[in-house]
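In what comes next, subunit A is part of two complexes: it sits with subunit B in the first one and with subunit C in the second one.
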Partner chain A sequence: MTDIAVAEPLVPVPVGPVPDDPAPVRRPGLLHALVHGRGLVGLVLVGAVVLLGVLGPLLAPYGPTEQVAGANLLGPGPGHWLGTDELNRDIWSRTLYGIRADLVVVFAAVPVGAVLGVLLGLVTSWWSVTDVIAQRAFDLLLAFPALILGILLTAFLGPGLLTVGVVIVALEIPVFGRLVRTAVRTVREMPFVEASQVVGAGPAWVLRKHVLPNSLEPLTVQLAVSMSVAVFVEGAMSFLGLGVRPPHPSLGSLIKDGVRLLHDAPTFAVGPLTVVVALVLGLLLISQSLSEARRA
Partner chain B sequence: MSPAVPTHPRRRLRRLAAATVAALTLVAATACSSAVDELKNTSGERQEGGTLRVGALQDIIPARIFTNSSDGTDLLISSVYDSLIDYPLDKLEPKPSLATSWELSQDGTQLSLQLRDDVKFHSGRPFTSKDVEFSIKTWADPVWTVQLQRTAAAITGFDTSDEHAITLTFAHPLSNIFDLLDMLPIIDSESIDQLREGKAFVGTGPFEFESWSPGAKLTFQRNDDYWRGKPSLDGIDVSVIPDPQAQVSQLRAHQLDVILGASYRDFETLGKDDSFHVNKWEGAESQVYVGTNVTNPALSDVRVRQAIASALDRTRVVDEVLRGAGVPISLPWPGYSPAYDEKANATYDYDLDKAKALVDEAKADGVMIPKLPLTYPSEAPIYGSIAQIVQADLAKIGIEVELDPQENAQVVQQLIGAKFPGLWILRHAYAHYTPSTLAVSAYPFNADHNASLYVNPDYKAAAEKVWKQKAGEVDPADYTALNEQLLEGSFLLEIAIILPQNATSARVHDLGETKRGEPVLYDTYLTK
Partner chain C sequence: MLDLHSTEAVLEIEHLAISFSQPRPAVEDVSVTLHRGEILALVGESGSGKSMTARAVLGLLPPGAKATGSIRYDDEEILGLPEAELNRIRGRRIAMVFQEPQTALNPVRTIGWQLREALRAHGTPSRKAATERAIELLRAVEIPEPERRLAAYPHQLSGGQKQRVVLALALANEPEVLLADEPTTALDVTVQAEILRLLDRIRERTGTAIVLITHNMGVVAEIADRVVVLQAGNVVEEGETRALFADPGEPYTQTLLASVLRLPELDEPVVEARRAQAASQLDHRSVPAVEFRGVHVRYGSSRRGRAFPAIADVSLAVAPGEVVGLVGESGSGKTTLGRLAAGLVPLADGQVLLRGEDVLAAPRSERRHLRRGLAFVHQDPEASLDPRYAVGASIREPLDIHRVGTPAERDARVAELLEAVQLPASYADRRPRELSGGQRQRIALARALALEPALLVADEPTSALDVSVQARVLELFRELQERMGFACLFISHDLAVVHQVADRVAVLRAGQLVEVGPVGSVFSRPAADYPRRLLDAVPVPDPARRGRRVKELAS
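Right after this comes the complex of A and B.
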């Protein structure tokens, strides 16, 4: 029989901060990033454009398709701040209504695409068979550049704002699906997930309680990036005549008209272009600031 | 001396990027300015040969090569083919071309033509009277959907016993026989199958077809054995550029010498610049119109169609879209046409009250007017603008319209097949020819079968009457009757006469135009 010698009695480890140890630095939250520095600039830019769009009907002196007698391709002036187009329509009013068309696309189609992509990514990447199928489907969608996909879908659906929305949803599903898949594969290997599975947690519970909350930050960053891409896609599709149908305005169709009349009315495109730049830049700044805050 | 502070890599990258952008801007500006300078510094000295670079909006479609339905086709026809006679732009007076002289019989049912004996096809085969017969029979074949098919089919006899003379016998007098001879290209029978496939276009014209890349390019080379003498140019390169703005940009950048498609506003702007010439072709007019499918329940009521006619602000279209290069009309005829009637031409002057009253009257009688589709070609810039003006005009009288821009090829297909569901906007020609040509031949007017599906025995009788008279001897009263039918039926609502335009760089000289509206490049030359 062996005797066990105890050198000294066991002392319980003290709970709470260790004396003289510096307090752990809390990283700034995403909200903090949005109201400081470039995040704030982005928020102001996007906020200004959104405000213009929301208040458009109150701010616009004319209807978006109203043709003002005798006001043919006028330059900027007191009656028409941004001038008129070749069909006598007030460009300022059309720009305000054009913003609304873009906002619908940005704030409806992108979230829809994101939600669908996240759900697909979450559900399919847990099991290897569904994962392979979903990833190949995502590969297929990602193989098409945005505009080619736009042209392809327009051939079936016809041009219009709805088609632009469908294109953007189709573009965003694989992006968000892939992002969530990465999170699933990382998080499910973590000890706390294994622990929860040991005590009987099923896949749905794990995905909902562990995986999804741990994926939200990168998804938020991607959401802002995707919104800026959506502005670009709408602009490009309308520029090519695949987007909003005449006579209704969108920022892309206004830029198209402005470019066509660049020689006769060089200021025509300035308003819509400024708005697009503000929206894209603002959303990119927001995504950058969120991304940096996440990495901090 | 303090040591140099090493630059931060990111800052260096920014500087490099800024320098690159500045350099690219400078290069681009230099390139643009040098191109413009090159244009302005033409010496005016005639250049021997050279290739003319032309921008066309629409490509050719071999199966519709004889339908005058695209600017690419027009250029091909005028460059590769000759016709038997040519009309000058300012009158309907036949001038010799492949036919040197002609004689119409007293009753107007026979025409004898003497043909040139020194003409060869591009293949080297001599041109004979058999080729005239073949060409007329080809046009009479409905498979080619030629607009003057009925007139060609009315030629029932061909005496080709003499290789260099032909006598044509008609089923009845044809008032528009010389219109047919002006429009009919003389086609090579041996290569008709290749023509159908777009592989060969063999004629007797000043340029030989060289190659065709569908949707991209057409090339032609000079016909050194051309019977009128060798053309000045070595060849023609036609680029299909569906975007009018891109055509204007390429003309400004000296990448094109001639552009066939641009907006009238662009033509107006180019005309103010000494570096370019803008040509307006009086005598080759076309007409822009709103077509109606009269089988559409809303449009089957003539009051609705007449209301639309009265609601069209034609003056605004002419002033703002055509930039003054047009004339508002209710009837298709230009002022010099034998069918022109000034009073009748003002029948549908802009009158919203009258239009509104007609719509109200129709609605009171139970006519439902749902949202009507308005189809138009998306490529040509004037149609989109006119369509939106028409949409706004009709909204004022309570008729809602949904714009339906489509590719030109699809629109032409619907025109030929009479498949438009509601309204459409297009151009037609032929009103500057003998009036019967319009009434019995043009797709939108053909009294037998038109794009509006308008069937009316009185209209058909009026059209046939002006058609079946001896050329040059039509009774003016019959034109009055035809005009009445056109106005009463109102199946086709004229907006304006349009003067065709094209623009060239200052290096291009002596560009011509046929009455058919095709560019003539035989005399064209370039300066250095």
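Right after this comes the complex of A and C.
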């Protein structure tokens, strides 16, 4: 305690009750949680998958749709680490390219949905009329299970990676809208918001300066959860043939092929499944460690 | 009647130390002996370890706390007993009453159910016997019509009655020791006086020894036999109440007693404070900083016919540079009136004029400008600053909203304001959680003063602070008010605080203005009956006057 008194120039303060001041103890931030324990495991898992995806074209020995002569439904071996499929394509290469498709969905569609949801939630929940309209619309979207919504949208848009992206955005908007609404409701009742309203701050100021910063932490947790859900949704949609169209690979469609050929090539699905598990598990671990750090 | 001053010890605490993982122990070395039938006050400021000491007796320490030393009840060591053993003592031999009656009672169960449950948990066999005993207990804590009250839910009772029920729960098994942790802090003064007298009578009737934990020296002077003063986990001084108040030995006790604000005696000649004299020179003909003209505020929907009048027909003006204290008990509408001035609650009827202009009639753009002359200091120092921002940013916010000057000028102003509230400029980078309650309230004050308001609405700005901190904040407030000359609506339930800072005082009751006048005359010679009763109920920090007051109150 004494070193603070020395470090702090107390000259301008005539009678202040300062000297007996505890040293400021900053709470370890969310970043700290990510590089320790559970968060670190999650980060390594996700990081490894991302690395594989980014470096995919360099690591893949063959092209994603390239047919290798004479290699039909081979098991794992030196030439083909994960084997080949019934169309003589290298599964390792297809998995690497499949990761890329998933990464686009996870790291583009989810943030787009999150940003749209947050903005909509922020703007609409301030006034009661827009709040009711927006929240009932969110109810409507939330009432559809993810896959039903996916099938519905595919009926309009046709199958494809873009459709998967649109479905995920549509799923995430109400989730984030709700979350932000809760934050708006709690934060705007806080005395510090009243203090700024009294001196003349408008809704835009309060939302931007107080509500948004105070809701960012729960949002980061939700972001990680949503990303893992997005991996599932892509997998499920491609599995059902609503997602990425053949011959292009994605993790979901690879698993679908693996399940179809389970009898002929039992190890087919192992590679893509491992990647999906790593990605989902990693994201969930990250979200867990973040929410724990928030509560600490 | 029992012998009130028996020397037989019933609870002995020796060299109790409680530590957490933090560097400073919560309790360092506390030794206290409680005698049979005695009321012992544990006093100290927040963080002095007074609540922790009481919790240790019942083994209710938070997880992670380590307690050493010795706590003996009836010559049996009870510190470190296993839960099952402790349950033999908890509630039966030693009972505890907490500060907030609201949270101590289960809101979805009737009073009768809760009393019966407590009785049956400790072995009253039949439902009928339990009901009878419950009625008996409610009668003992002086609740009228106990038979009918058994069927009442907690929300149907007033705060004082809830605290009585909590007391009845604690007394259910005729404990020998009652630990009361700030039992009257959440209550209005008139109710507090009743509860204190009730505690005294319970002690006389049953011989229960009471440990009263409090920060209020008035309460101590009112009923305690002996006082133990704690500071930072250590016993500073211990003694018989009268002797300690008359001649405090330790410097800490002296400052503690010195920072207690005192009210003038009723019916003494009116001595207007220096400030009030200055106030009488205020130009009351000039445009008031704020003026309420026959205002009404209603809560609830009037369409459904459930509108509750929070404020009914109040007219009041605050001259520029004048401090008007708003006092009243909870539910009197004092906070509502303050929030109305700040534009935080909708007006049902009447007019609110800020510097002569009707805020609500003004067009939107004008309103923003009018608001600039206004500032608001909130009661709760925990929540009045945005935890995400450094306090410097919080002080800057009003300047940012109104785009005053260049960013560099704003920063300079922040430093200036920090200096004005006597904090070093380096504090600008700190987060609210790194500051103490008093420091946070200084920051809130600095933010309120950033735009040099003509009117400051201060809603119980010091009620969450310790007495010594409160004294310093009030001193600072007065100094700033004199220097900057803003008008102020100062809302407080604490009459002594209002007496200290206000020029005039307005007494509210059930949404109506009961009395308005200069502080000196209202507090010494109140014209209306209600302010007199309020003043009477305030515990006086002077044990020598106790006998007289009890007689007064009884008459």
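Just so it is clear, the second predicted complex is superposed on the first by the 270 of 296 C-alpha atoms of A that agree within 3 Å, B and C clash if a C-alpha of one lies under 4 Å from a C-alpha of the other, contacts with A are read in each partner's own complex, and residues count from 1 in each chain.
In the analysis below, a residue touches a chain if its C-beta (ideal position, glycine included) is under 8 Å from a C-beta of that chain, and two chains touch if they have at least 3 such contacts.
Note that this is a predicted model, so its numbers are computed, not measured.
**Q** With the two complexes superposed on chain A, say which partner A:W205 touches: subunit B (first), subunit C (second), both, or neither.
**A** second
**Q** Of the two partner chains, subunit B (first) and subunit C (second), which one does A:Q197 touch, if any: first, second, both, or neither?
**A** Touch status of A:Q197: second partner only.
**Q** If you count the residues of subunit A that each partner touches, which comes out higher, subunit B or subunit C?
**A** Higher number of touched subunit A residues: C.
**Q** Just which bits of subunit A does subunit B share with subunit C as contact spots?
**A** No residue sits in both footprints.
**Q** Considering the complex alone, what residue numbers of subunit A touch subunit B?
**A** Of all residues in subunit A, those touching subunit B are 65, 67, 72-73, 86-88, 241, 245-247, 259-261, 263-264.
**Q** Could you list, by residue number, the parts of subunit B that touch subunit A in their complex?
**A** Touch list, subunit B to subunit A: 245, 248, 263, 265-266, 269, 319-321, 378, 381, 384-385, 387-389, 391-392, 403, 405.
**Q** Can you name the residues of subunit A that touch subunit C in the complex?
**A** Residues of subunit A touching subunit C: 8-10, 12-18, 21-22, 24-27, 190-192, 194-201, 205, 209-210, 213-214.
**Q** Help me check something: in the complex, which residues belonging to subunit C touch subunit A?
**A** Answer in residue numbers: 342-344, 368-369, 371-372, 374-380, 383-389, 394, 397-398, 401-402, 419, 422-426, 430-431, 433-434, 436, 438-439, 444, 447-448, 451, 457, 469, 472.
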